[in-house]
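What follows is a group of structures, each given as structure tokens.
Both complexes shown next keep chain A, but they swap its partner, so chain B is in the first and chain C is in the second.
For the complex of A and B:
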């Protein structure tokens, strides 16, 4: 069985994140970058410019003023938001294709978007944290599944089937059929993308069942968001939904009233962000 | 896909029924402190306000009735206590309350029950609202934080950009400074090269004119000897070829001078009609030979005397007329000067030379002004010429402030024309000294020292001088000349400029030094014989203005350009020797 590294290596030969996304990621982490740097790099891809401006002007950002340039987008939304949008635009294409066996990339995209939005809500409303990074982590937390789908498709489908038939968690089924799992594969792939460590860690730990991470950590927030998304039927792989780890369950229980409100508000937040995750026209 | 999740469907695993019972009990217990309370969820979980409380035996029936009717069910228990049962639809909880038998009246009891229930529900809702508010506050705080960060970040970017712009400006400045320095250096180099080129040309001109001097001089001397018809014909050919060669050399030197920016125009009074008539007169004979008519016409409004460079203007007109003459087999050549207009003190004069010659094909019109180019290759073979003439004319006209243009029709003829601005010469302006040496110079007697290092030139000049009736002695360089001035009495020195050992300039300066020192002067016969300074005439192949100035600066009284023209030599010798003896 191939190792996670081999799988990621093979995938990287097939598909790479656009150059511009990697550069933008680097810029967003650099204290010496300015809006002009973003403008310079992004304007090389006029299609991307158009798409980004459409997103920036979508209800998700709720800006009063119409944004007509990338540098203005940086001014009004910040570098991290722009980085997220570039990532969304760059990744959208990887999540293409219909159902094959028990796995649907398109459903996974919708799932990822839902997790991103829920994670953002939880981070902001429950923990009072800024949420750009956790949103990005939500978008890419399951990228490992896409890698496996492309490189070891048969084994993934087998794992999904086992999962559906109740033969363990998705991670357990993947480990059995593939020899690794999507959190490890996704982590290795995203490592090459100039993302903040916290985001990488979030991807790696979002399926941890034992108490290995703080409740307010990105991994926990992702896990909680994924749980809620799965319950809302935004789940790409049919099968039993993994229960929350004990500490997370306790946290939710203690914050019942708060989570009630989040669930109440999810539909309108999803609606606002529609343009972010809508399929290509 | 629409999202319509309910809280319970998402977190049903976490809700163990008791939760809502506990929370509601917590709210309602303090409100109904005097009563015993029993709660039951729809899944059957039950909760008592105090463990000691024993619910009525028929509670299940009462609860069922309350659920069924969805209204208040009341009863009196066996102990006389009052029991109220009611379904709280919103929470799906049945509330059972037991009042003591002395608890107010029925009306008060019912009112108390209903009001307290409402209050409890409001309190519960309040708790949710508080949570909602807390979330909103947290969200607002995050927004505030983000907003603050955004502003800070924008400020940081703004500063960075400013810094970058300054850096860029600094770089730009230093880059410009660097390039300017480089350009300046290159310029110095180019100037140096240009100077070397112009020196080279001066030298070339010397080198070329020295043998030309001999060829022209000796062939003229030869023509004066007794020759048979065939010899005379050959000699004429040599004279005319040498003349062509000299004019060609002059053309090349002129062009080089113009291109090196060394051509300086004179601004003196000149007689415009005279210049034009002279040119026309020059071509009368060749025109008659070819049976071509040549005329000139000058507008009356053009003043006679203008300020300009008559020599250069003449050169242009000669070139153009010569050109026309070359390419016109029959018909006419008209030189015209038209008055165009007056702009302030300037008078615009249009010069044109029109011919009925072969004309220029339209696609070659541009090219004819290029150096070494004629209208087509065959022209050179048929008509000869180097093609330098028009290039020089164009440059000269340009220097004088005009543009040489041509209108031509192939096979019908061409018109070359240009417009030049001139200032009218005012009456008060001094005319240049007229060069009116007498036509025939009476042969003077006198001893002349010829200083020249070139044997051929020595011989040629000696012969010419001797033929003019003067005595002549020869020195090979400046040192030799000074020696001879010591022991012989000379009336005039013809001094070559470039010579080995001591050049002409140095020798002349030496002469003037000696003249200034009475004691030394006595040792030199030539200098001692007269109170006046000894006339020294420079002999130079250089025709540059600076060379001319250098001659006078060294103390010379005049100069002759080589090749020596007999007539000019006769004139200048007669003039300079007139005062002596």
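For the complex of A and C:
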């Protein structure tokens, strides 16, 4: 069986994250970056400029004036938000391809967007955190499944079938059929993308079943968001819903009133963010 | 009284040394901060600390990009209080913020 590293290596030969996304990621991590730094890099890709401006002017941001340039977008959405939009535009294309067996890339994209929106709401409302990095982690957390789909597709389909038939968690089924799993593969791939350490850790730990991470950590927030997304039927692979680890289940129980409000507000937030995750025309 | 502490040369540098762009950005800031201010006030009225924090976050980022340090600082305090679910200090901070935004109306 190939190792996670070999799988990621093969995938990287086929598909790479656009140069501009990596550069923008770097800029967003640097406090001294200016809006003209962003403008200079992004304007090299006019299609990206158009797409970004469409997103910036969508209801998700609710800005009062129409934004017509990237530098203005930096001022009014923030560097990290802009980084997230560039990531969305760069990743969208990787989630293409028809349904094969039990796996659908489009369903996974919708799932990722749902998890991103839920994770953002949980980070802000439950833990009082800033949520830009959490949103990005939500969009990327399952990228490992896309890598497996492209490189070891047969084994992934087998794993999905086993999962559907109740032969263990998705991670256990992947480990059995592929020899690794999407959290490890996704972590290795994203490591090359200049993302904040917390985001990488979130990808790696979002299926941990034991109490190995803080309830307010990014991995836990992703796990909570994924659980809620699954309950809402935004789950990419048909099969049993994975229960939350005991400490997270306890946390949800204690905060039930707050989570109920999130569940009430999700449809509205999803509607506002529609243009972010809408499929390519 | 809080000082506006505007670093005009930084703002101009951010605007690619283009006075016209700077003026446009300041205009945008006046509009967007007025709308965020209204959101903060509504948030206080509705006891919605997340809404307060989010609107303060938005003002904070825009003020930072334009080198308006006084506003950035007040907005940072507001966001922090809002994220902690504490609305007690918000009315005092609002008074400061409004005074600073009045000053912004006059800068060029």
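Here is the rule we use: the second predicted complex is superposed on the first by the 281 of 281 C-alpha atoms of A that agree within 3 Å, B and C clash if a C-alpha of one lies under 4 Å from a C-alpha of the other, contacts with A are read in each partner's own complex, and residues count from 1 in each chain.
Criterion: a residue touches a chain if its C-beta (ideal position, glycine included) is under 8 Å from a C-beta of that chain, and two chains touch if they have at least 3 such contacts.
Note that this is a predicted model, so its numbers are computed, not measured.
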>> Looking at the superposed three-chain arrangement on chain A, would you call chain B and chain C a clash or a fit?
In response: clash
>> Quick check on the superposed pair: does A:72 touch chain B, chain C, both, or neither? Answer first, second, both or neither.
In response: second
> Does the superposition put A:277 against chain B (first), chain C (second), both, or neither?
Replying inline: neither
>> With both complexes superposed on chain A, which partner does A:258 reach: first (chain B), second (chain C), both or neither?
In response: first
> A:243 contacts which: chain B (first), chain C (second), both, neither?
Replying inline: first
>> Just checking: does A:124 make contact with chain B only, chain C only, both, or neither of them? Give me first, second, both or neither.
In response: both
>> Taking the superposition on A as described, I'd like to know which of chain B and chain C A:35 touches: first, second, both or neither.
In response: both
>> Once chain A of both complexes is superposed, is A:135 in touch with chain B (first), chain C (second), both, or neither?
In response: neither
>> Contact-wise, after the overlay, does A:228 reach chain B, chain C, both or neither (first, second, both, neither)?
In response: first
> Residues of chain A touched: more by chain B or chain C?
Replying inline: B
> Thinking only about the overlay and not a real complex, which stretch of chain B clashes with chain C: 42-50, 96-104 or 132-140?
Replying inline: 132-140
> Once the complexes are superposed, what residues of chain A are shared between the chain B interface and the chain C interface?
Replying inline: 34-36, 74-78, 124-125, 128-130
>> Taking the touch rule as given, give the residues of chain C at its contact with chain A in the complex, in rising order.
In response: 13-16, 21, 24-25, 28-29, 31-32, 34-35, 50, 53-54, 57-58, 61-62, 65-66, 83-85
>> Taking the touch rule as given, give the residues of chain A at its contact with chain C in the complex, in rising order.
In response: 34-36, 39, 63-65, 67, 71-72, 74-78, 124-125, 128-130
> What residues of chain A sit close enough to touch chain B in their complex?
Replying inline: 31-36, 74-79, 110, 124-131, 228, 231-234, 243-244, 249, 252-253, 256-264, 266-267, 270
> Along chain B, where are the residues that touch chain A in the complex?
Replying inline: 1-7, 9-11, 13-14, 19, 127-128, 131-132, 134-135, 138-139, 141-142, 145-146, 149-150, 153-154, 156-157, 160-161, 164
